[in-house]
Each structure stands twice: as structure tokens, then as C-alpha cells.
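I have a structure I would like to understand better, so I am pasting it below and will then ask my questions one at a time.
For reference, chains read A, B and C in written order, and residue numbers begin at 1 within each chain.
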């Protein structure tokens, strides 16, 4: 049962914006890790397209959109070039990067969940795959950069919760047949605002109970 | 040529048990690495479902069972919750974890090899994919935790050999048309017992010949 | 539109040679990282087959050739055995390894790009996927060995550029309907020679502009 919940052009535009902002975050990490220009391009492409390729392979939408639509492939190249030539300026706008990344998170939750549902997955599975789409690129980025993914580190501001809320909102809207421009935008904006609040107020997620070894915490903070 | 070698309900029950014990091992590593609650969930899900998702994508069984059957997705959440609230108790039962993990290894070898064959792979390829199903989740777990996978480290007790034996036994049974409850159980139990013996007697695999640099060994032991 | 640009036997022979030399490079890294015999096999298989499995999953050619053709699976075992028993001799021939690896890079660019096009991808996407086929195994190898992939490190000789040139040459040949034994060989040889020149003259790729922090460079060189 494949149905289009969005008009294709809207989905495409949302995707391109999300790809661009995620590519910026990948390219910036590559610069910080001292990678060369190809490392910057690789990390930009992987961060931007990794989540979507995983989603498309899982739902059987092969070849994935990233290999069909030239725009998906070229957008990260622009982001990489921007970071390559202007990275001190881009880094100085870390706030802007965080804002764009939060927007990307919201966009990918919505488009990922929607596309998974269009390919016949159940509501919970669609939300889970939407979440994986949104966070997957970042996890791949961190793995290639040989770092513990931000997603799972306790000393990073909440990233998963906004994405879970956004994906769940979309799944609920699908369930009650209420997917439209307004509810979709609402899900994007909610994810976006929650992520910004998490950054602003340094919301953290709890670690396992009884995790009170001071030595370990000191070591972690120092690293 | 898709045929059911097991009754679906048996295969399903075996899968759920294997998923649960692998999820426990993932969640425990997350606690040890000081990840937050979402890190625990992510590592539980990845460890439990990673091998199976890889297998299903490779044989073209998309969407993978992990995204179709809600039980596959929810089981790791229970395991993560258990570890989150009770981890000192769970860790104290490291023996129990090792026992369950060994059981999971046996179960996944059998179900992985069987499912691969049902989707038309040859016997050797089925055994190889069954092996990949059984060890894949653990490798992904270690990669996300930014560690060298236990599977390939010489200073860890044998893990690959029991899985290879189990997968090969299943492939042989398929070849001689002898797949039934008894032979399948035998393969699970053989894998299980071999793994426990490897743990009990610290069986190690050899490294490459002439690898006699003391400095390197000391460094490895110390790390 | 699936068409055979190569005769199957030629494509198969080229693949096997490429798989063998990549497997050697994976097995050697495993020895250097002090992995046990299964680690050597795992890294040989992953390095040799990883790029091709990714390509086949992406284009929907499932099960991937690596799980259908027994030769693809067994070749890395021979490479692993060779390294296991003879690794000081093999390492002493680091030059030979680099030469073979360069040949593998050229071969995989050509076969990867060609196969992607045969499965209906556009020219740019085919070249991108050919490139991913050629470098993907090496990236997976480095990730499992818990190292920053050589591909993205600025202090490694150029690897991406020869592969990009080779993939682009094949895509151009396809575009002008000029794929034949001569042009394919030319693409392989060009990639091969460019990579050897990069090794010989230590060609490096630039890092992002204004990346002039001495502290960072010293740290990187020391690591």
C-alpha cells in the first residue's frame, strides 16, 4: 500500500534542506578531526545520506533516493565546499549550525516516518525507522570519525527525545488520518523547539541507576 | 525456493529469546561505557537486531522481521529497562549473562542459517550468513561503543568457533535433509556448550605465526 | 535496463583478483592489530567483500554476488591463510601489497561503476557507487580495526583521487557508448598508475583553508 502522504515536491524540498544542514555538521566534524578535503566530502555525504540510505534499503526502496536523485548527491558537495573554504566563519556560527541541525532532525523524522509508512510498515515500526533515519547519519559520521556517537553519550544534550517525540507525533497523525501540511509542520517545529531547548538548558538524559562511581565520572568529564 | 524448515511459532520463540539475551549484553556494555538511557536502548536494539537486519537485507527479505514484528522491536526495550533499573544485580550475574549470550549465539546460528537457506542461498553461503547473523549484532555493538570487536581480539575467549560449528551443523543437516526439532536442538546445544567450555577453560585462538613481539603483548594485556 | 557491458567471465576474473588483493590488505592490518586467526579472516572477508555487498544491496541485486558465488567467499580465506602463515614475508613485500591494492582499486572502480549502471542507475550515481565499491571495503576494515579510515586522513597518500578518476572514466565511456576491453583496461591502468604515483611522490590532499593550528598538527603527527 504505497500512498503519497506529501506532495512529492514538498517532500523533496524538505529532504534537500535536511540533507544540506546535516552535511554541514559532518563537514565541520571532519575539519575538527583534521581530515583532508576528501574526508570532508566523505563525512558530509555520509552524515547527510546515511540515514536515508539505511531507511530505503530496509523498506526495499532500491536503489535509494540518494542514488537516483542527483540533487541528493550534489547538495552535500556544496556543503563540503562551503565548509572547506569558509570553515572558521561557519564554525563561529556554531549556533546557526545547531539551529539548522535541529531543523534537519525534525525534517528527517517526519519524512522518514512518512516514507516508511508509505512502504507498508506498521505505525510503531515507521516511527522507529523515522527515528533511525534522523539519527542514523550522525551515528555513521561519528563512527567514521572514530568517536563514540553523540547520540549515546550522557554528557551531550538531549538529541533522541526530540526525535522520538517528532516521529511519534507523525505516527499518531497517520493513525488518526490527520497528516497534512499543518500537522507535519507541527511535528517538525516541536522536534526543532525541543532540541533547541535541550541545547539552551543543557537537558541531559539519566544514566543507569546506582551509577555513582566518582572515578568514572571524573574520567569521563576529563576526556 | 522458499520453504519453512521450522514451524513459524517455534522459529519466532527462538528468535525472541535470542534477541532478549543479546539485548542484555548490549545494554550492559552501554552501562559500562557510561552511556545515558538512550545509549542503553540504542545498544540493546542494535546488538539484538543488527545481525538479523543485515541477514534480511542481504537475502532480500525486506522489510526485515525486526521492522514487521513488533515483538522483535519491543523485547530489547524490556532488556534495556531491566538493565537500567537493576544493572548491579544483572552485572553480578555475569555468569548468567554469559550463559544466555551463549544460548543466543546457538539460537541465531540455527535460525540465521535456516532462514538464509529458505531464501535460496547455497549451503556454504547459508552457513556463512547464519554465522554473520549470530555475531553481527555484537560487532555492531562494539563498533558503536568505539571498541575493537570482541570477535576479533585474541585476548577474548573463543566466540567464532562455536558459532562456526553450529552453523556448519545446520548446513550439513539441511544437506542430508535431516532438519528437525532434534537436530536443530543439537546444533543449538553444541554451540552453547562449546562456548561455555571456551569461557570456562579460556580457550583462545592463535594469532599469526612468528607474532612474538613481547612489547606488543604487554601493551595488549595492559589495555 | 540490465545489459552486460562485460562478458561475465571477464567480470568474474577481475572481481576475484580484486577480492584477493583487498583481502591481503585486510589480513595484514589484522596481524598488525594483533588480532587472532578469526580476526584475520573477518578482516580479510570484510575488506574484500564489504564494498561489493554494499553496492549489491543498494542496487537491489540480492542476494549479493558475495553470497551466491562461492569463489568470492573462499578467495579471502586463501588470502587470510597466506598472511597467517607467511605474514613476515608478506609484510616485507609491502611494496607488492601496495601494488596489488592499487590494482584492486582500479578493478573495483570499473566493475562497480559498470554493474551499478547495468542495474539502471544514472551515470553520476553509477560512478559514485563504483567509487563506494572500491573504497568501501577499506573503510569497513578500518572501522572494525577501530582506526580512523585511511581514506579520510590527511596524512595518507592520495587514495580517493585515483578512484574518482577511474570511476569517472568508466562513466564517460558508458555515456559515449565506448565501453570495451580497451577503454576498461585504460581506466584500470589509469587508476593504478595514479595511485602508485601518489604513493611514490607522497601526494597529499589539502585540508580546509586556514587550518594552521600547530598544536593540532603536532598532536596528529604524534598519534
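Convention: contacts are C-beta pairs under 8 Å (C-beta built on N, C-alpha and C of every residue); 3 or more make two chains touch, one makes a residue touch a chain.
From a predicted model like this one, the values you see are computed outputs, not experimental measurements.
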Out of curiosity, which chains are bumping into both chain A and chain B?
-> C
When chain B meets its copy chain C, do both sides use mostly the same residue numbers (more than half shared) or mostly different ones?
-> different
CA centroid of chain B to CA centroid of chain C, Å | 29
Within chain A, the set of residues that touch 2 or more other chains is 57, 143, 146
Which part of chain B faces chain C closely enough to touch in the complex?
-> 57-60, 116, 119-122, 124-125, 128-129, 139, 143, 146-149, 151-154, 159-161, 204-211, 216-217, 220
In the complex, go through chain A and note every residue touching chain C.
-> 30-31, 33-40, 42-43, 53, 57, 62-64, 67-68, 70, 73, 83-88, 143-146
